[in-house]
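These notes open a run of structures that come right after.
The following pair of complexes shares a single chain, chain A, combined with chain B in the former and chain C in the latter.
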Partner chain A sequence: MTWQLFELLLQASLMTIFVSVTSILLGLAFAIGLSAMRMSGLGPLVWFARIFISFFRGVPLLVQLLLIFNLLPAIGISLSSLTTALIGLSLCTAAYQAENLRGGFEGVPRGLIESAEMAGLSPVQSFIWIRTPIALRLTFPALVNEAILILKSSSLVSVVGMIELTKMAQNLAASTYMPLPIFASAGLIYLAINWIVAIAGRRAEAALPGLPAK
Partner chain B sequence: MTQPAISVRNVSKRFGDTLVLKDINLEVPRGQVSCLIGPSGSGKSTLLRCMAFLEEASAGMIEIEGEALGFSEKDGKRRRQTAAELRRTRSKIGMVFQQFNLWPHMTALGNVSMALRRVRGLGRKEAEARAMAQLVKVGLEARAGHYPSQLSGGQQQRVAIARALALEPTIMLFDEPTSALDPELTGEVLNVMRALADEGMTMVVVTHEIGFAASVGNNVCFLDHGQLLFHDTPETVFAAPRHPRLEQFLDTYLDRGAQMLR
Partner chain C sequence: MSFDFAVILAKAPQILAGLGVTILIWVAGTLLAAILGFLVATARRYGGRLADLVLSVPVEVIRGTPFLVQIFLLYFGGPYIGLRLDPIAAGLLGLTIYGAAYYAEIFRAGFQSVPPGHSEAADCVGLTRMQTILHVQLPEMALLVLPPSMNMAVILLKETALLSLITVPEMTMTVQAIGSQQYAFVESIVVLALVYWALVELANFLGRLAERRLSTYSA
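After this line comes the complex of A and B, so read on.
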């Protein structure tokens, strides 16, 4: 195991981080949209959100990625590996994050919504300025957890041709015949990244204001 | 005769099979402090919440300065108002809650300036200047940058009062504003309310602070089991001989400031 090999792994881990962070953030935006649909009380929107969530939670991510990769070109849409990977990962995490957020939205005390109502905020304004920030704050630990899961799941995007940390490790292992040190190094890099995410999450959790009083 | 600030006509409210308000009729005069007192479960908070349309009366009408709130009446039938109609009438009302209900993710200044910016459309600077003026009024300018979790209960309630006042309501509703506070913190909130009363604000206060009702209130309404038993000046209400139901109620509050009335 040389420094040169390790450096290749580190470079590939940048792709892992990029794909994961982008998907988490896109997924969060989608999840807020899905939550809004679910709570809108408008039949078609509620059903769309329900079906979306049960599909992306119920079908394995690997199968989702292969579906997107094969289905979209079949109907004439050709996407790069990166775009395919981002779509697959962010839609999948959106479904999970929407379920987390649902708990958060339900945890927003009724009185805080009433005080927004009395201040003259419309339901949409109340959703944007009051309910969403509080729901996000309540579910922040679950968001950190989801970030760690997505970082690990991002190893699956190699099936659509992305060269990230796991794929790079496989390539190097095959060409150098040193699978053990290479996969051990890859594992350590995942561990280090997630350790940093967990610590940063805990720090942010302590620093963020805004948990409603119980 | 001048128009009342709030008029409640034949209002009943039921939750399922329970009738919590029975045919209430009440006129809240302008520029006065009206206190709603009564035992727990008497319906006083429900009546106050109906006046803000946070609860919908099952029957009857409520008018704010002559304008129907929540329901419009036509040919004897009630029609639910649109959200915009409701917001317009409601903008005359400021509400203060038992649990303060400050938004925990915003500072004191953020809480008070929020609606000025998002509802009234003021710029940040102007909104914050007006919000600051309200915080000065409740004596909390030094706490403007604090989050609710960094404030005592009494301070939170004063911020909540400032938040309501920032929107320049003509009527302030208080739902047991000191019930969630430690006894030593109730004074600072009651002082702010007293100052507001001296300015001539129309106030409706649901309270267990009999002393406040007797000394600051212009009117006292006594509710029991969903009925408005009587409604008069505190001098008359608390003067002997008292209504037996009030006598019984006051006995339970003897050690909460009601001795002064004995």
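After this line comes the complex of A and C, so read on.
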């Protein structure tokens, strides 16, 4: 194991970080949309959100990625492997984040929603300005947790042709016949990134404004 | 573009064989992982501070790295230290070790949930450490550890799909092979996704059933 090999792994880990961060943020936006659908009380929207969440939580991410990778070109949409990876990861994390947010939305104090209503906010305004910020604050630790899960799951995007940390490790292991030190190093890099995310998450949690009283 | 699912369904026996391997590895791996995880949690609780510290390292390392990297390390790196396993053995071992790290954390929380007065009382009436763990602490923590344990079992079911990448002939690998033989990639993956979806929902349903059963026994 030389420094040069380790440097290649570090470079590839930048792609891992980029894919993970982008998917988490896209997934968060989708998850808020799914939550809005689920709480809209409109039959078809509620059912769409339910089935979406059940499907993406019920099928292995590997199979989801293979599905998107094979299905979209077959119906005439050709995408780069980066786009495929981002779509796959962000749809999957959206389903998990929507499930996390459900608890957050349930935790929004009733009185605040009623006050918003009394103050003349429409249901949509109340959702955007009152309920969503509080639900996000309440579920912040779950978001950090999900970020760590997605970082680990991003190792799967190699199956749609992305070269990130795990794929780079596979390539180097195959070309150097040193799978042991190379996969161990890749593991250590994941561990280090996760560690940083966990610590940053705890710091951010402490720095965020306090929770509303129940 | 038209899809032809008949060519995939004609291969149902092969798919079922793959499904069998998936379920076998999943059930065996989950049970072994839960047992190993329980042993690790017990050792961390009663083995002194050194055991707690030493065991915390593998638990954190396994929980902090992707399962895919772990099985690559085991399957491709293993032979370099004399650990030559066939794909199924490597897959089962990998799944067991991976799951055990998470189960160890679940049971750790379980041990913490049992009021210390209860194990002290068991100690006073003359129960051995082993009897206390098995007959007092384990039943008391059951209701608390069941939901995360079932959750973890479902996660492990989905993780078995990754074993196709180290050529374990489970469902994902079998169906993908059929897809390429029949030149029906989309159809094969759609069938694969639906089977996993059904299996996961079934597992979730059984988990809820077990929870309800168990909660009727607890005050």
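The rule is short, and it goes like this: the second predicted complex is superposed on the first by the 212 of 214 C-alpha atoms of A that agree within 3 Å, B and C clash if a C-alpha of one lies under 4 Å from a C-alpha of the other, contacts with A are read in each partner's own complex, and residues count from 1 in each chain.
Here is the rule we use: a contact is a pair of C-beta atoms (placed from the backbone, for glycine too) under 8 Å apart; a residue touches a chain by one contact, two chains touch by 3 or more.
Worth saying up front: this structure is predicted, and the values here are computed from it rather than measured.
Asker: Please work out whether A:Phe6 is in contact with chain B alone, chain C alone, both, or neither, and reply first, second, both or neither.
Answerer: In the superposition, A:Phe6 touches no partner, neither chain B nor chain C.
Asker: Check the contacts made with chain A and report whether chain B or chain C touches more of its residues.
Answerer: With both complexes superposed on chain A, more residues of chain A are touched by C.
Asker: Quick check for you: in the superposed arrangement, does A:Gly120 touch first (chain B), second (chain C), both or neither?
Answerer: After superposing on A, A:Gly120 lies in contact with chain B but is clear of chain C.
Asker: Scan A:Phe18 for contacts with chain B and chain C and give back first, second, both or neither.
Answerer: A:Phe18 sits against neither chain B nor chain C.
Asker: Determine, under the contact definition given at the top, whether A:Phe48 touches first (chain B), second (chain C), both, or neither.
Answerer: neither
Asker: After superposition on the shared chain, which partner residues are touched by A:Leu112: those of chain B (first), chain C (second), both, or neither?
Answerer: Only chain B is touched by A:Leu112; chain C is not.
Asker: Write out the stretch or stretches of chain A touching chain C in their complex.
Answerer: Its residues touching chain C are 54-55, 57-64, 66-67, 70-71, 74-76, 148, 152-153, 155-156, 159, 166, 169-170, 173, 179-180, 183-184, 186-187, 190-191, 194-195.
Asker: State the interface residues of chain A toward chain B in the complex, per the touch definition above.
Answerer: Chain A reaches chain B through residues 109, 111-112, 114-123, 125, 129-130, 133-134, 137, 209-213.
Asker: Residue numbers of chain C touching chain A in their complex, please.
Answerer: 1, 3, 60-61, 64-70, 72-73, 76-77, 80-81, 158-162, 164-165, 172, 176, 185-186, 189-190, 192-193, 196-197, 200-201
Asker: Tell me, which parts of chain B touch chain A in their complex?
Answerer: Of all residues in chain B, those touching chain A are 52, 54, 83, 87, 90-91, 93-95, 97, 99, 101-106, 114-115, 118-119, 147-149, 160, 163-164, 167.
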